[in-house]
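Notes for the one structure printed next.
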Amino acid sequence: MDKIKTMWIRAGVAALLLGLCFTVYHTQCLLDREREIRFIDRVPVFLPNGKILKALSMGHYTSLADYFWLHSVIYFGRRAIDHDNMYYLHMLSSGDVKQAEHLKEDPAMHKETSGPRVSGEKQQQWVKNWHTAQSGKPQPPDSIPFMDSKAIPRIFDFPNFGTMDYIFPLIDRVTQLNPYFITPYIFSSVVVLSATGEIDWAIHLLERGYRNNAMRWELPFYLGYIHWIYKGDAETMVRYLKEAVQKPDCPEYVDGLLIGFSRNLKQEEITGLYFKSMLESTQNREIRERIQELLTRLESE
Amino acid sequence: MSVWTIALNTYRESIRNRVMMNILLFAIGLMLLSMVVGEWSLGEQAKVIKDFGLSAMSIFGLLIAIFIGIRLMVQELEQRTIYIIAPKPIHRWEIVLGKYTGLALTLIVNVVLMSAVLLGISFFIEGVLDLYLLPAFFLIYIEILIIVAFALFFSSLMSPQLSAIATLAVYVVGHLSNFFYEYVQVYPDKGLHWLFKTLYYTMPNLEKLNLKMAVVEHLPQPPNAVGIAILYGLSYIVIVLLLTMIIFNRRDFK
Amino acid sequence: MMSVPAVHIEDLTKIYSGDLGKKPIRAVEHLDLDVHRGEVFAFLGANGAGKTTTLKCMTRLLFPTQGKIEIFGVSNRSPKAMHPVGFMPEQPHMYGYLTGREFLSLVSKLFKMNRSLQKERIEFCLEKVGLKARADQPVRGYSRGMMQRLGLAQALINDPELLILDEPMSNLDPIGRKEFRDLILDLKAQGKTIFFSSHILSDAELVADRVGILNQGKLINTGKLEALIQEETRFIDVAFVLPPDQISKLGCEKKQTLQHDNKIQIRFESEEEMQPVLEKILKLNGHVVSVIPQKRSLEDIFMTEVGG
């Protein structure tokens, strides 16, 4: 009799534990649905500057730089690629219904148990913010005579302008913590700049990179690229390229660019050469993809 | 010889108390990280693994230094084994040096194994054995030894809890040294410059032993930099150990 | 020429500085004591009398505030003085992660013994204390009694000329205590000097040649045991068997008497008082079972000196 009683008690306790585990899981899912910002999308409410972060890191600033680098990449990826963001809402509000419908058919958008639930009011606020941001969007420079007028809006569409407010501040922290980490400079000057159009940020980062890595040819090379493509400033481009060719290990195609310019090649040919040189300069898959995309756009115009 | 006897006994204690389990944690953690980090690092997987690996080695070493370093002497008193050891024909300083050497032995095995794991994983990712990391491994070891010396020193003076706080404070101040130096340069007559100056010159500047960025980024180093850093670290260790031995020499075991 | 004493303590004073606001504690004051070679010296005193403090000063665990201590003529300020010494603290603790054998090996290395001698002494000591069967088990699994035995084994590892033991029999059962007493006497027969502190006065009485009584840090009495315990007999207890109707004929109504069945015990204050009664018992066909003289015990001395 006692044995049966003990058995029932044990079974009861086991059932209770299972029930509680299920309750915990289910309530967590419910709470997640109420959250407005996805975990991976969150940025720190207060991001101390790099010097303070360096002091706080207790000598582990390279690891902290890497952490912020990973965070930057994830942040960029979610904002640029993830459908579940303000860009989709903009599509809807701007009337680009076809694109919005295409996104709407994505099963991930309509799973009841996943993704944030956003109130109508919140949606309205985001759309309003988006429009405000668009009014401050940088315009392509007038003085790019080699560029066809059709090409300009294609290359300078800056699709993520105003949707990635923290990307440059994050990369800024990365480079303050570890100014010798080259990939963030190149990523920001090629991929991020073409998505957001924040030219001044890109130049600021590259200049820091150049100050700290004076013997690297890539930094003056990309500074020249920005001044050429985004500002139409040929003189500054040439100056930077001349500095780049002085650096050790500078590849020959950089010299080829300078030679091409001195031989008065057409400016679109120089731009094409520049993009091709940039393709050669990096093995990074994502950066190469973006450069190829820009090159394709240029060549198609 | 008594030093060596006590050292080997301390080492044996660490092995039997499974202190080395941290290496397993380190290895597993790093492998998991390398799997996760690949996609997110945009081609910088090897660099991220090396950075995190070096940081983890330093942190594991710091934790061992604080928690085990403090327990080295405290345990002898709490468990009353000092009443068996101290009345033997050995000097008190031999006990201190033996305990320190034993933990140093444990830590060198720890650091060597963790280094091997890190080199192995980075070789697996990059296909190249990056021996440029070796000076960083060595200086991480020296840094940990400095912290152990301070842990031993504080534990011979105060309670284990206060010793842990004081040792951690040495680590923090050691890494903020450059900040103190810059403050004194920028504000030579202002505010707490006298305090920062004192801290800068009395506390070990652990940043001088921090080569993590230089080795991962393959930055050129002056030829004697590593040698001078090692000498700097060893000098601190000897000073702190001597002070500990002096205190221990006159200590009553009630 | 007088031989150098095994232990020479001169004007030993130990004062512990008090914690904040508290008065300093004078644990031992102006202690002078010599322990001669080959004798068993029992150091007695109540809790807090200063016995352990004295032993710790001798074994370099504490530093005297004043005074000096010499072991076989060598000042104990130098660790060399501890070469011929074996010390067992009260409730000895060993490293739990070592086996008994490993622990003894560690201790033997601290005496810088050569390898073959180490092995020999380890096996001998394990055998001597009866721990051979458990020698390869971790110490953390030992009982308190086994710890005590191992503590003694490590004290004997260097074949010491002087054995200092702090409350050596406190954790032993009666059989263990008997074995321990036999061991002490065996060591004494080998010419060793033994200095031990104890609360168990009967054990001290059974093995000690000389005793010292400590009270509140001061040595109040010291001397050979026989000299302290007076030769003078205090009482004589006589036990005999006599039919109940014959007892009144002895004339001992006023005497302290115990009766159990037919057996009677009477306490006499002197031999002169006892003799006539014994003759009467024999005349009345009684049977004398025992005649036991009661001398003054060590406990009596202790209570007098310490109890006040």
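Here the chain labels run A, B and C in written order, and each chain numbers its own residues starting at 1.
Assume contacts are C-beta pairs under 8 Å (C-beta built on N, C-alpha and C of every residue); 3 or more make two chains touch, one makes a residue touch a chain.
Being a predicted model, the structure only gives us computed values, none of them experimental.
Graph distance from chain A to chain C, where chains that touch are one step apart, equals 2. The most distant chain from chain B is C, comparing centres defined as mean Cα coordinates.
Nearest to the overall CA centre, using the mean of each chain's CA atoms, is chain B.
For this pair, chain A with chain C, the centres built from the Cα atoms lie 84 Å apart. Each chain gets a centre from the mean of its Cα atoms; for chain B and chain C, those two points are 49 Å apart. Centre-to-centre separation of chain A and chain B, using mean CA positions: 38 Å. By the touch rule above, chain B contacts chain A in their complex via residues 37, 40-44, 47-48, 51-52, 54-55, 58-59, 171-172, 175-176, 179, 206-207, 210, 212-213, 216-217, 219.
Chain contact summary for the complex, chain C toward chain B: residues 16, 56, 59-63, 79-83, 85, 87, 89, 91-98, 106-107, 109-112, 151, 154. Contact residues of chain B toward chain C in the complex are 1-2, 5, 9, 12-13, 16-17, 79-91, 250, 252-254. Residues 55, 58-63, 65-66, 69-70, 73-74, 178, 180-181, 183, 187, 283-287 of chain A are the ones that touch chain B when the two sit in their complex.
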